[in-house]
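So that you can tell them apart, the chains are marked A, B, C and D in the order they are listed, and the count of residues begins at 1 in each.
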Amino acid sequence: IPTIGIGMLGYGFMGKAHSNGYKTLAYMTWPPPLMPQLVSIAGRNEEAVAGAARRYGFSDHVTDWKQIIADDRVGVFDNSGPNNFHSEPTIAAAEAGKHVICEKPLGRSADESYETWKRVDATGVKAMVAFNYRFVPAVRLARMIIESGELGEIFHFRGSYLQEWIIDADFPMVWRLDKDVAGSGALGDLGAHVIDLARYLVGEISAVSAHTRTFVKNREGQAVTVDDAVESVVDFENGAVGTIEATRFASGRKNGLTFEINGSKGSISFDIERLNELQVHFRDSKPGDLAQGFRTVLVSEADHPFWQYWWPQGHMIGWEHTFVHEIHHFLSAIREDTEIGPHGATFEDGYRAAEICDAMLRSADNGAREQLQYRS
Amino acid sequence: IPTIGIGMLGYGFMGKAHSNGYKTLAYMTWPPPLMPQLVSIAGRNEEAVAGAARRYGFSDHVTDWKQIIADDRVGVFDNSGPNNFHSEPTIAAAEAGKHVICEKPLGRSADESYETWKRVDATGVKAMVAFNYRFVPAVRLARMIIESGELGEIFHFRGSYLQEWIIDADFPMVWRLDKDVAGSGALGDLGAHVIDLARYLVGEISAVSAHTRTFVKNREGQAVTVDDAVESVVDFENGAVGTIEATRFASGRKNGLTFEINGSKGSISFDIERLNELQVHFRDSKPGDLAQGFRTVLVSEADHPFWQYWWPQGHMIGWEHTFVHEIHHFLSAIREDTEIGPHGATFEDGYRAAEICDAMLRSADNGAREQLQYRS
Amino acid sequence: IPTIGIGMLGYGFMGKAHSNGYKTLAYMTWPPPLMPQLVSIAGRNEEAVAGAARRYGFSDHVTDWKQIIADDRVGVFDNSGPNNFHSEPTIAAAEAGKHVICEKPLGRSADESYETWKRVDATGVKAMVAFNYRFVPAVRLARMIIESGELGEIFHFRGSYLQEWIIDADFPMVWRLDKDVAGSGALGDLGAHVIDLARYLVGEISAVSAHTRTFVKNREGQAVTVDDAVESVVDFENGAVGTIEATRFASGRKNGLTFEINGSKGSISFDIERLNELQVHFRDSKPGDLAQGFRTVLVSEADHPFWQYWWPQGHMIGWEHTFVHEIHHFLSAIREDTEIGPHGATFEDGYRAAEICDAMLRSADNGAREQLQYRS
Amino acid sequence: IPTIGIGMLGYGFMGKAHSNGYKTLAYMTWPPPLMPQLVSIAGRNEEAVAGAARRYGFSDHVTDWKQIIADDRVGVFDNSGPNNFHSEPTIAAAEAGKHVICEKPLGRSADESYETWKRVDATGVKAMVAFNYRFVPAVRLARMIIESGELGEIFHFRGSYLQEWIIDADFPMVWRLDKDVAGSGALGDLGAHVIDLARYLVGEISAVSAHTRTFVKNREGQAVTVDDAVESVVDFENGAVGTIEATRFASGRKNGLTFEINGSKGSISFDIERLNELQVHFRDSKPGDLAQGFRTVLVSEADHPFWQYWWPQGHMIGWEHTFVHEIHHFLSAIREDTEIGPHGATFEDGYRAAEICDAMLRSADNGAREQLQYRS
């Protein structure tokens, strides 16, 4: 099995999730498309990054990400760092010939995302944005059902991402609440996932109307400069309409990414807190003429997406496995020289999500419905 | 519309439910098979029974049920009294030529039930036991699906009836806890409903093994002489096996009548706390090959059982409406001279449920599996 | 028990529901505040209205609603007619001194609703708009919890009303699809309910952004002149933000009125297809520090709203019972000379809902966020 | 970090699950109690076992398990082989001084299990039966709640394990359907898990009544010599009563391990198809006097069992993670010289589960309630 060297930026939540992805796919997706070699991991705190290297099995650790880019052993640059470190290191890595996988959002704004996309695109390396929820088996199944035409014409998408972790006014000021580092708040962190799924499942968004709200305006004496919540109405190019919402102020909702899609022949509903379930309705199911309704599909059958790697039916997999599928897809694209899209999120996908986020912020600001204009 | 006079014994919980049934069917099941005239109601407490007559619109009230039986205006004797008043008044009414509807259980024992059945049967009047759960739209739909063969061969029935109302050791001693009045405890009150549904949906029970338990043995200084809970394993004549349980000690379960039936082609699951929902699984549903699962059927379509009387889809009906359907069935049988069974519970059905209850008590006592022997 | 004469306009879906309400409250809410006498019912088709009178027990039937208004026996004018018959007859009845209960929407526009409100208000009669979902026990319980402060500060309301009955392009052209008769489509029919609940539970709406869509623009050769769906973002005066959606194009959703409310101390979630359930989360429930989560509350306890009239816990009531509660509230207000609000919807509430609907239509038209200006 | 050598028997479903466990705990439960070294894996098919060694990273592979026992590098013998290879190799390994972890059931009968327990116990090595469901976070949380007394006195346990994989009569004859290899059918494979959880959560079982059924008696011309389903009623020493069921004939149930426990102060309900959810009811929850009900607990908080190793709240883990927790527990017991029980299943636990299975088979045979007599 041919190998490829991995260099990673970041060792926090996403660094842990990505590291686990490389290590697990090496034997679970057997044989792996490329056998990942964990070469080097970068972080600013030397003690912490040294610990991460030991824990996850990276051969080396560095405190300057440029060392990874200069490292000839590295074939993939995995950017799991904070948002303000997404653009520059990713561009640099691509321009040094590394394939790049970058955590979402691609940039803190449409402009930054656009520049990142165009400059990386010019290099010809494989480039993927880590919108991992595309790699939930139930989400891929939803896409397959929609593509098959079994839902018919799509009328509605209603998506929300509900969390609760900063409801307390005395929750500390963290980088995710600082616009300079994060770009936006619930919108870019959570809403971007919903936007990406809306695009992946229904199609391109053509207009948005949005409100944002910052419920707690100061924390630890510092101004919160991002949104706590965003509410929006969206138009799709294909005529569907819907709502997209993201908030960190939904008490009791832990990681409540949900969507429902209504079509002329049926509907699909999903809640990521029930990761392996998909609710699917077809209008004229057979048999059982008098027993129509949403089916609770336990997405765990041998012929379900990604399940060839896992367990017998009903033996649930976890959130972290989305990264196994995602990185497997990325390594396959490198090995086979195939496209990242449509199932992986391309850098253009990453840019478009950012363009939509920016339009939502403008709409929230000026009160007007914003038509989307995508740069090419 | 021809009329029929109703005489009722009892004005408590069941008297209220039956009265509402007569009054509601008169305009909801339009035109009703017979227009009920509420003639007379009997109860031991004159003030209470007078109040009930005024409230529900009975022309007269009496303190001796024999006056109802002697009343020529009465065509139907509705026995909503306590268990120890089920047998004698019902027999007397039938022998006086009244059609009889009797609350369950038919008798406090198999012997009492058998005698009631045979003596009433000899009179030729219409006779129904008020196993009202047969008249839940979702239950009738379950029966239709099973009869259609869409579930295939039946392997399993697991039913339970879970309540919580006497968990507190200081809950008072009431008639339902006294064997002389009630016959048995959770078994006859709750388990009998499950047994009746098992027979209605799956078929005849051929053997039982059971345990009973009385968790609180004394209340207010008196001995509790009935079971608080019964657990049993049942065999069906058709080869299916299952469990039946009833308890008043299931904290948090308010009126938790549930059953699941598994067949070779599919399954059905029901929980009466979600009265209008039926979970139905068919093994090879079309379309959606990759989206198999239990359908959540909202039993409220125009072509669902009993829904011709009610509302547009999704506008739920309540528990009390089972009595509207049940009494409508009974009055139709009188008007058209049709059979009570198989959809209404006959007195033989009432007797057989009692025979099974008795077998469970014997098994609980002697530890042995009891084969059922039904008298004819 | 003092009596009151009822005159009704309309004998269709709502006429049936209201008639059942009067007949049922007469014995279920014992003793009723006033004993309703069904005096007269009006409808344009004589044969049909005569049949309705016979069925529901109205003494008389008429083909001109003005005869009801001229009828001295009538103390309550119950307007269950189509939307274009809401304003004029209701005003006339009030000006003739009848108390009035009017189906929603109060008028086909804010202007019509405003005029209806003001003219009726000037007469001093009791006047209620039949927003019956305020009288679902679970909804009243939600209001009680919010009023108690147990949810803390409210951040979010997300409400939707999803139906599916006109998805088929060959579904016929009916009055609800004609702007002249109906005023608007999904918005006024379904969205108005959500708007009313948002106001009842969270507070006054201060701004809206909305889209509407008509997916099927012609039916049976006629132009559909109303919205099939509306999507909106709403601001509340108290700082909460949220979404409101209504559609008749949600395949598989039968009568899917849902809402979720998030506050600083907890959340509430409701789906009317599970009429008697309320999901309630409190952040720091005791006991069970490690077992926090949404409680599935079966709203059927003796101390739950309206349950003093009904059954033991777990014995579910139906959608139609909301009218029993609603009309009971109305008759109580007449008997006791008490206010319709805050629990009943006043005509001002009806007007405000219409003002919000109009603002949504304007926003859908011009793309701008519309600030609400309520007339007084 | 000190290391320990792992020798494994079996490379199928359980071998994959255990291998993943060792590999994942090495960095997820950081620092691991002992760093596992995958030394050698045994299997009868050399090509297959060689592939497994390469895939999972075992240094060596062998076709005779005795070579593992003779291997000085091996400190832990992990028995993931079929049931008829549980006893002899496990005893041999222990007698050679290896710590042993053995898949369930410990033996094919109470006798075999007893002998295995006693002979291994005499060696003094650490010994654990791999009842992995004890290591589901939600199950551990259930145990904590019960131990805390928050459920009060326990009245009921109702557990079932429902699968569907052999409903088709033309499903092939496999080793699990052969009594000589498997010992029993649904009972030992699935029911043993429920029995173990009943004992872990509620306490010792004192008597059982059971039925078994083999629905398809021949497959591919061979006799099926095990049960397809078992239904039983169980008594606990502490006075609780309940039901235990296991079947491979429950259409639509993929891996439906469920249990409900009712106590005097509350109840717990679990369904492993919703692995990270626990339904918990406390009778008098505060706040929200009027909002009592089962809480849907998403077991994923930082202070929930095992969650210190994983992700932020709401980011679900999978079935396979139970093995990570289980093996971590086992390695900790070796490192710290602590007890396997009560959280790990000891070999005595394994024996007792087998004793109960045997009693169920006897009861199914003779129709009598069987009192349990445990050997010491």
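Structural remarks
One rule holds for everything that comes next: a contact is a pair of C-beta atoms (placed from the backbone, for glycine too) under 8 Å apart; a residue touches a chain by one contact, two chains touch by 3 or more.
Predicted, not measured: the structure shown is a model, and the values here were computed from it.
The chains touching chain A as well as chain C are B, D. When every chain is reduced to the mean of its CA atoms, the largest separation from chain B belongs to A. Looking at C-D and B-D side by side, the one with more C-beta contacts is B-D.
In whole angstrom, the spacing between the mean C-alpha positions of chain C and chain D is 54.
If you average the CA atoms of chain B and of chain C, the two centres end up 35 Å from each other. Chain B and chain D have centres, each the mean of its CA atoms, that are 41 Å apart. Contacts with at least two other chains are made by residues 253, 266, 292-294, 298 of chain B. Per the touch definition, chain D reaches chain A in the complex via residues 13, 17, 19-20, 23-24, 27-28, 30-31, 55-57, 163, 165, 253-256, 272-275, 277, 298, 300, 310-321. Put simply, chain D touches chain B in their complex at residues 151, 155-156, 158, 160, 162, 167, 209-211, 213, 215, 229, 231-233, 235, 239, 241-243, 245, 247, 249-253, 260, 262-267, 281, 283, 292-294, 363, 367-369.
Within the complex formed with chain D, the chain C residues making contact are 141, 144-145, 150, 266, 278, 280, 282, 285-288, 290-298, 301, 303-304.
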